[in-house]
């Protein structure tokens, strides 16, 4: 696959798995985020999905899930809460349909996997390794670890690394580990999953939130809590991308509230080699495709010949591998 | 001091330190948040500050601080980022002026203290214990612990408890510990500070965030990172209050993005015995006073004779002291 | 007019367009009729029951963030435009109801499936609860143009909340009920709908969830051999509008179904309340 | 008119009021003059250089969240009102510039200190950069009413960005500069201001930060014994407007000073750039 830019002259291509022989080459750094783009086909008649850098599927689980009761979404200030409950056909139902469909597509398709036990992650990854049409696996570690009393995998560096190692052991597919913003020390988690064999890191998943229905005197979501996404969380996401990008040497994929080229550039300059768009697609389905053209034009105007030149430009410690300096500055001075 | 409600018939009074003989009796559950109300005097000519339930001072540190370079604030979607850098006269400068001034006021004044070492917290608390005009101490644990490489006190249950114990050891003043939302496991921190002698818990402080100036290719804030406040963080705050209120038996003070009575009621129904308003005062200085009257009217309309009756109404596990059930549900099902 | 009843195509034809407010008319209570320009391709392939997702904020603001779905009340060919019935309720609809002619709106659609008039149906009964009247007005227009018989039952809190009879076109029997008895039957619309159930070949309903629960009882009481069929339009909070987020599902006998693509119109007997 | 120069009281008199847009007039470039109603008590105690914090969003929306500060361009007694000069720039000002007469706005103020005309000053030099012209227009009005001599120097990108001469009232010498040379001096306003420095008893400036940096050189070159004094109005992002958040500080020889209460007007020599 060679890089194709439709407008402008700058090279938009980016490899998200430079250390993996199977590589993960994107034509441009704009991806659709997990849970916000179904399995790609939902948007096939709406936008030219083949132009995307890549898309990530809805989270797949070991068994089929009916999802949570309604209501599943609530709007919050400049954002939304969702508690879909991972409604999906399960890995077995999934492999019957999508790998073959995606194999005929030009756009790289990435499968997002969620589980509550390390073995289940590995089981799904092993099944996906044999399938056609799959460009990479994104591991969602924002799940409760049953064997640890439901403590979230993604809050703990060692637990996140364990999942990564297990998946790495069963597949040569590029692996992106998607971090949870609930981790106090996101940098330690990032360093641990890098060491455990992740090809790239994506962040951030939603932050756990809640809204109360004052009239009915109960939480608005049937599930009580949900995940906050959208512009409201952008400053938190940019900060975490900035920190992680200066601490690891593998590519970082940023997301959280991207609604415009300026938002995407914040992530790129902070050190993201690509971005995912989730809630922004709900609000404006044409957004990711439009951003490809806008980025291309911006790079030309600013005199860059390649997208890679802007990654990390605003990040003094970008890929310095020294997380501690930054962590200290962050906690002080607020 | 007896409870006075200016409108309506419902009793709005609340005691935030029911286990402390010095008690912390508020006429109503509306407080001004630290860093958003100066030392009270700034708003003295603007609103009737004496009607507030209480107010919390700007964070005081062991030494005087000039604060960060500019810019110190940036607007974010439905919120703002601040990195003031704790500009304050230091505890010695503070005690020269404010305790005497406040002693002549009817409104309870609470001092917020910040430090980077356990001893410094204790030193400040000991000094405050002897002063007039101080109703309580709010401990801000969202600070880096110098002796632990800058790891934030508030992210760790034991470190937060240590600060609480040290302060408890030197003062009989009511102590409110203000938790950091950066803690992965906020419930453990809450339980630990309760055990260490806190009279009440307040939450949440700001979330660490960042914004990038795309044109200048550097972080917008001179300090790079700052704290996110305002409506954007409300769902996260409500969730944490809900969780903490069901896990501890001491009063919980909620805050984060309150802009209306409905917002305040979300916190009360989630289990907050009082709320603080920060960013909302910037946007609408009359807000906290207006909310007193609106709450009073709402309680009458809904047939409650006392504010205390609504605390925790939407929280099934309110003060059950069983944090684990909830923690599990939270991590699952997103 | 026949073209409006062609088989529904959902996502394949859905698209975003910038629209201009053409007119704002006051109608039932505080609700307004908002007429906005729309591409001819959109207006021509539209079916009754479909809806559009409208941005309810000004450019540069992200609050409120999500688009709001509005059913089509009427579509017009000259000029190519759509009319929505908007009741100011929360912050999105209040913003929308405050627009003035000439202002621009971002609109996405048409979305969703549509009401179906079975080939041999001649007698159509429509049941509207409050602002739920919107999609039934378009459906009624279509039925009248086809020469079908329509009985239109509407319920509202008071007389001001009722659709003015002049808004229904052609020979439609219009029966009303008000909670306060200020016009028509004193009580719920569901209390009078039973009178027409045996007459009707097909029933259509759009209103709040409690209305559907009462309708269930009415239907169970009056229908002997599961006829006539009932089609209802269900209201769910939505995010994407394309079946991608699964935030808007309706529990049916077939499982959790996205109401933005396989709804908002559902076979009443399929839905689990 | 003398009343407008009474000693400034800041927080004690500041208050929030709901205001109505009375007029929107087009002026320099895409900037507008927004005239809004204000209580007489507010208008009467106002001083030139003071500002108001205006909500730039519709009710129910929290984005953009913070109020925007706008200097008073002119105050009117009949009807009691204020005029702001608003240049659509980002999302807040673009929203504000899009308001139409009759709409309501939430306004907080007056805030801040004000320009001071020293007792014996007779010759006032004003230096305006772009939209920074706003507070100097009010100051110029006051000076003219007092019978003082005013030289008003303004710089802008091009002729369209200049304040029309007709907007300055009374006998004011108006000298302009444009970056593109389309009117007046071809270059920066700071390049011609030197000609008047020795003439002036007092200098007032309001414009972007780079203008102040150039002005520093001009002042250092032309001023022999630290006269005339220079008062500048400094622009800082603000949150509270009452000195409570310390988000708007200006670094001065006296330390970090809140520009919302002890500014926006500063003695130029005090400010550390």
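Chains: A, B, C and D, in written order; residue numbering restarts at 1 for each.
Definition applied: a residue touches a chain if its C-beta (ideal position, glycine included) is under 8 Å from a C-beta of that chain, and two chains touch if they have at least 3 such contacts.
Predicted, not measured: the structure shown is a model, and the values here were computed from it.
The chain with its CA mean position farthest from that of chain B is C.
If you average the Cα atoms of chain B and of chain D, the two centres end up 37 Å apart.
Chain D has its Cα centroid 52 Å from the Cα centroid of chain C. The mean-CA centres of chain A and chain D are about 47 angstrom from one another, to the nearest whole unit. Within chain D, the positions touching two or more other chains are listed as 62-64.
Annotation for chain B: residues 77-79, 82, 84, 230-231 touch two or more other chains. Chain contact topology: the protein chains form a complete graph, every chain touching every other one.
Across the complex, chain C is touched by residues 77-78, 231 of chain B. Contact residues of chain B toward chain D in the complex are 35-38, 42-46, 58, 66-67, 69-75, 77-80, 82, 84, 87, 230-231, 259, 279, 281-286. Residues 10-16, 55, 62-67, 106, 108, 236-251, 255-256, 261 of chain D touch chain B in their complex. Chain A makes touch with chain B in their complex at residues 68, 76-79, 81-86, 116, 142-144, 149-152, 155-156, 182-185, 206-214, 217-219, 223-228, 230-236, 238-239, 242, 257, 262, 265-266, 269-270, 313-314, 324, 327-334. Residue ranges on chain C touching chain D, taken from their complex, read 57-64, 90-91, 94-95, 98.
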